[in-house]
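First subunit A sits with subunit B, and in the next complex the same chain sits with subunit C.
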Partner chain A sequence: MMERSKRQKQRKVLLMGRSGAGKSSMRSIIFSNYVAKDVRRLGATVDVEHSNIRFMGNLMLNLWDCGGQDSFVESYLSNQRSHVFTSVAVLIFVFDVSSREAATDTLSFASTIRALHEFSPTSKIFVLIHKMDLVPPDQRSRVVHQRALELRATCADEGFASQQVDFWATSIWDQSLYRAWTQVIYFLVPNASAIEEMLGRLAGLLEAREVVLYERTTCLVVTHVTRGVEEGNPYGDRFERMSSILKTHKHSMARHTGTMASEVSFAELQIKTGEFMLFITRLTENTNLAVVMASDEASFNAARVNVQLARREFAHLDIVEKKGKDGQQHAKGPVGSAEVEVRAMDDGEVSSSGRASDR
Partner chain B sequence: MLKAVFYARFHPERGPSVVHQYPNGSIIPAFADQVESQQPLVSWSDVSAYVIPPYEVCNRPFSICAEGHRILGFPVSLEDPKYERNRFTFNVCFVLNETEDVKPWLAAVNKTVAFFQALEEEDGLLQTEEDLPGLRWAGEDGYPAQSTGVVYKLLKSIVEDLNTYEETCIRLNSYHVLNLRLVHPQPPPPKVQAWDVPLLIRDLPSPEHWTWDLTLQRIHPYLDGVNPIQRIAELADVELKLVKRAVRELVFHHRALLLDLFHFQAIYTPTKDFAWFVADVEMQEECARYVALPPTKDPTPHEPQPPISASVLITLYTSLAPSTPLHSFVQTHYTTLLTHCIDIRRLITFGTTKGFLRRIYRYALALDNNNLGLKSQTSRTGEGSAKTGGSSPAKSKSKSNEDAVREFERAWKRAAMSSGWATPPAEPPALLSPGAGGEEGAGREEEVDEKLRGFLDGRHCFDEMRLALRMSERELLARFDGGRLGEVLVFNK
Partner chain C sequence: MRTLFSENILSPSPALVPRPNPFELLLPSSAPAATSPSASVQSSPRQHEWLTQYSQSQQRVESEEAAQSSYVSNGPRPQYARRKGNPRLFFMGLRKSGKSSVQKVVFQKMSPADTLFLEPTTRIETDSLQSFVTIETAEMPTQLSATLPTWDHHAIFSNVGAVIWVLDIQDEYLSSIASLIETAVLLVTHHPRITFEVFIHKTDGLSEEYKHDTFREVRQRVQDELSDLGHGDRSVSYYQTSIFDHSIFEAMSKVVQKLLPQLPAMETLLNKLCSTCRIQKAYLFDTGSKIYVATDASPTFLKDYEVCSDYVDVVADIKQIYGWQGHGRARAGGEEASAVGESMVTYDQSGDTYVYLREIDDHLSLLCVMGKGSSVDKRMLIDYNVGILQQALLQVFKV
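== the complex of A and B ==
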């Protein structure tokens, strides 16, 4: 992908599909703080709507929400072909599962990915089978499976390897929407593995059961680390549910304080029960961290302090590309000091921040 | 000339598409060489983004030029949950030649689109028309389905009527009527002067059909092409300002012409357009008919008058020269005029209205230094006040009647608007009455001289002076020769 600057990475994402499939609705909910029932008011997209979304500080998403009307699609495939399909990182193609013209939709999909293969053969394709709420629950998995099979064959025909294509069933009325988009974001975030590694070490030091890193505006989970007991958690979809809950929380806060959902934020959120303790706090400029601990007051408080200290190191994630090796060294430094802190805690002392030799 | 009109809409599935076009084939190619179709004027895919633009840009005039044609449109986006996708976006566009002046068309486009918008908002006509089973879209087989829907017929009438009559009145039903007229913007007519003579060239509509305003009613009997404005004002007993305004209106609507004041001291001369008259036989015949006097009341019937030959007319016209005042011209050609029964006034009028005869005006300039200083434009305020310190009464008197009236009105207004302490002038200034009284002879003379002095700056023609002072030209010249006004230069222009 083209690197505009050392700090910023640009990624072009195409959002395509038939007219009325639900592309603009998804975009509004995830990125513009719409609630599911607000999207009824949206009008049809005229030609392409471009949005530039900053993610994690160093990722710039160029999202192309393309109108799905016949005349527009014709235009994308003919006179705008190279303009639209060049340098694409991800294509998100949305199918309306309730559409009566499945065959036409598949054909349209085939033409689109053919054009994509011409200009961006290494791009990733996410196929979202949308409006699942309109399918009776008992038929859902069958419908999705069938569709996926058919479309995989189409992708293979057009020259895309199977690992380049992912299928997700979505609906704006539940958390499946967040799940699919989380995967998209995870694919696009440039230094996901570095983040995971640091998070893993932090989780070990905190002795947390689970740490979840999520983006503040969209509430999409970037990555998570699960340890020990928590790995037996039966709720595999808990991350997207969290996204959904946090988003709703934002909206209700906005309503009660009379502000816009986009301006609302909190400093810290704590949930303490007999089974576990959870706190959510700011980690970097664009992300929050959710930490799940055992139900122990002392380690809970220690964890809170340690996360505060760790913030500085995670801020460096934004320019980790530039520093390269140095970035690794930075990661080592504060972990050491955090270790010092934890040991102090074990001695039963409650210490405040600022005592450790942090940088 | 309107090349084409089309109605386009953002369809929820098809996207921006042309629903109706007239003539067939002008935007979307007609289906397989249909009869009465033509080649497309522009490519739809090029302009569709501008005919149906994003919502933020809708509901205002929007036009684009492509391939030598100009498409004038006004996209409208109606927001309402009853529509699929919550919006109904459409546009009605006029296609013209790129080089044509757009001003008359802009108003027509706006009005047409407003009409369509009303059709949709009030009756939902546009949406329901699309649901009609027999409807064909532009470019489809069987377009246009003449018996289905109203839009095609509407577009057809607009194009045909505007191109033929420059106006149209289309009635869809009892409460949907579209009235369009192309108005070509015209410059305002020049100011009308008191010594101009209005001549009606077209009859005014009769009072039953068209209400005349009071001024027009009063002055109408005197609009005969002989009376100057001032005289009309006197005869009809109407304020001069109102007469001027009324006549200006008549001139603007091409119902009247302004002529010069006809009298026998006037000087006329042919212009370069005279060559045109010489070449044009039809105009010569028209002239002959116009200038011929009606036959005299001769009881003995004899052959009808032979038409005046062109050579006679041409000879007469060419003998008009800047050196020849009309009275000497008439004396020279007396016999010719008599034999052919030519009306001298009509002869001159024909020439001036057709433009091949020009009136030469006389002006007077007093070479007195005092006067020059007074009246020069640049030093009007400065020097004028300085020099006329001692002679302000003289200056105030040397005004024409109109100026005096205007001053009076202004003084009245000023007094009325002020806090009430100023007393408005008690009575209007003494206007010059025609004919000097005997006993005031000497004083009068002085007054008149002063008034006259005001005109001697070379910018007021003799006609103006004569009307204002009610003196004949001979009297004016006598005054100049009298020497009381210093040396006066008389020149023609």
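== the complex of A and C ==
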């Protein structure tokens, strides 16, 4: 396998598709803080554009945005074949749903995954059926379904098992873009289950209805925990909506303060209403946590304090891959009070009103 | 009882006769404690302004009452400066200048890109925005000219509070200016109390210099023509607008503000709040249409408005997502005294609040862009003061 330092995990992600499918646009919106309107400025990608994106601190995404023009594709499939397709963790293939050459697209797809199968047979394939805003709403599910069927057959032909391939319909003009990329990221984050478990415990302690972990720069959801009442929330796509809302908010703040959107450092956002209370705050250096609670001032304030204390715990997730217990032992060293809180969290004995009175 | 101000603001000489302040004018019952005599001491220069405005509007009201009797305001209270109930706006302009687009984008929340598909207006269309104060709009199709003798302009203009002329800056605007002058003259002669606004529209995509030059040119021309015709003293307001950014909302806010009689009261309240809580800028937003109905006296920059308007959007969206249980409850019936919605966002590590939002009622929100010094300890003070403001505002509008 790849020999890397314990601290960093590198994942190679290929972003491929025909020329003009929307690969660079998606990449710039998600990772480079472009607004959907700005992507008009992007020109055709020449050969491969490499980006190394730090994600969640210890994950390094090695993103290969491969130009889709025929000459480049030729070159990947022939003389650069092994260079491009070795050690790939994820292939993201983008189809332009409005393309008039569907058959050629499919052929191109087939040859690409054939090459992929030669060198990285265990990689995961995400097929994004893009530019869905150009399809009338009533036809959307039918079109996606048809395409997916065809392409699944192609993948099966080339030797990929059906669970290795995922299909998503996307558009840069709504939140579907965030949903698809959230799935990609979730697949790539190495310790997702450890994070989920810790979040679950935290949510139980806070008595929160929902706890969502976001990556700081891209505002993509890494994982979430839903408890109790919130399971009935009719907005199934609320996570990607939140991503989109937060991203827009970041841009708006950047414009106002005159800084770059990438530098805007968010401290906390609170919303209190009669039905719910929500706060979003920094959890680790690279992630933000959103906590949704019932509308109760005392437990809300207690939750905020608890999350501040929990930061120490979660900081370990960024650097070391050691799971829960070890992380806690590390925390017992330095600060006395923190130690008490950490153990209390462990036992889960502390009630929310008790917390409030401590302050 | 605690007042809204710190002790230093109170005048040292206590035996001052309390001058009539705007609150007392509007409220028959006693004003809230916050607006004690110290309010009048604080704001004496402005005091006279309001009184003058008030007496002017009172005269106007009296003459109107005498002139015609239709469209009575809520309740027979002629002594208050009520402008016949609801603010009414009337849009005029050449064809394809953008009148319907402006209405749809501001009042019906249509996306600006969709306005391409609007059909030309063929008859006089009226609409109303149900909000904390109902704003009614009407639009005139350009086929009917204001100066047609067969056209009964009295019937149309009698109820109107403001006429907005939309001038398309990207099209040939000289002919528009000519019609503008005609209409302005007509209004000045027959309906002098209607405020006349000019939207220099479709300014998106033009360079700053060009915008500035054209703006100045239009204004100059209109002023010249009007003064040639002997109406040089007529005040006409000009705004650069575009539906593709926030400028149209800003302009609409200013137009609507002129039509609200409660404006001085709201402005004073906001001024007080800003001075005591060290708020950089405060707006009273109409949550639905994102027009602001009042702001404090500090200089207004578009970017403050933009950040507040975007923040209102963020909060409204998140409320919709996570407040889903409320919808069912509201429909089930019964007035539930739900807790007041409030929100704040903090940037940078110092923990100073950046933007603060507080719902006054279903349609009205207070938005503050905070300056330095609104840290956690001060938050209690801010909460308290805003609470007082909220109660005061509710009282102002109850009349």
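The criterion applied here is as follows: the second predicted complex is superposed on the first by the 318 of 359 C-alpha atoms of A that agree within 3 Å, B and C clash if a C-alpha of one lies under 4 Å from a C-alpha of the other, contacts with A are read in each partner's own complex, and residues count from 1 in each chain.
By definition in this document, a contact is a pair of C-beta atoms (placed from the backbone, for glycine too) under 8 Å apart; a residue touches a chain by one contact, two chains touch by 3 or more.
Because the structure is a prediction, the values reported are computed rather than measured.
**Student:** I'd like to know which partner A:Gly67 touches here: subunit B for first, subunit C for second, both or neither.
**Tutor:** A:Gly67 sits against subunit B, while subunit C stays out of touch.
**Student:** Identify the partner contact of A:Val229: answer first if only subunit B is touched, second if only subunit C is, both if each is, neither if none is.
**Tutor:** Touch partner of A:Val229: subunit C, not subunit B.
**Student:** Tell me which partner A:Leu77 touches in the superposition: subunit B (first), subunit C (second), both or neither.
**Tutor:** neither
**Student:** Does subunit A have more residues touched by subunit B or by subunit C?
**Tutor:** Of subunit B and subunit C, more residues of subunit A lie in contact with C.
**Student:** A:Ala254 contacts which: subunit B (first), subunit C (second), both, neither?
**Tutor:** It touches nothing on subunit B or subunit C.
**Student:** Is A:Val39 contacted by the first partner subunit B, the second partner subunit C, both or neither?
**Tutor:** So A:Val39 meets neither subunit B nor subunit C here.
**Student:** Taking the superposition on A as described, I'd like to know which of subunit B and subunit C A:Ala192 touches: first, second, both or neither.
**Tutor:** In the superposition, A:Ala192 touches no partner, neither subunit B nor subunit C.
**Student:** Can you list the subunit C residues touching subunit A in their complex?
**Tutor:** 303-304, 306-307, 310-311, 313-315, 317-319, 321-326, 336, 338-349, 351, 354
**Student:** Spell out the residues on subunit B that touch subunit A in their complex, using ranges where they run on.
**Tutor:** Result: residues 10-17, 45, 48-49, 52-55, 79, 81, 85-87, 89 of subunit B touch subunit A.
**Student:** Touching subunit C in the complex: which residues of subunit A?
**Tutor:** 210, 229, 233-235, 238, 241-242, 245, 248-249, 252-253, 255-257, 264-276, 278, 292, 295
**Student:** Which stretch or stretches of subunit A touch subunit B in the complex?
**Tutor:** 19-20, 40-44, 46-47, 67, 69-72, 75, 79
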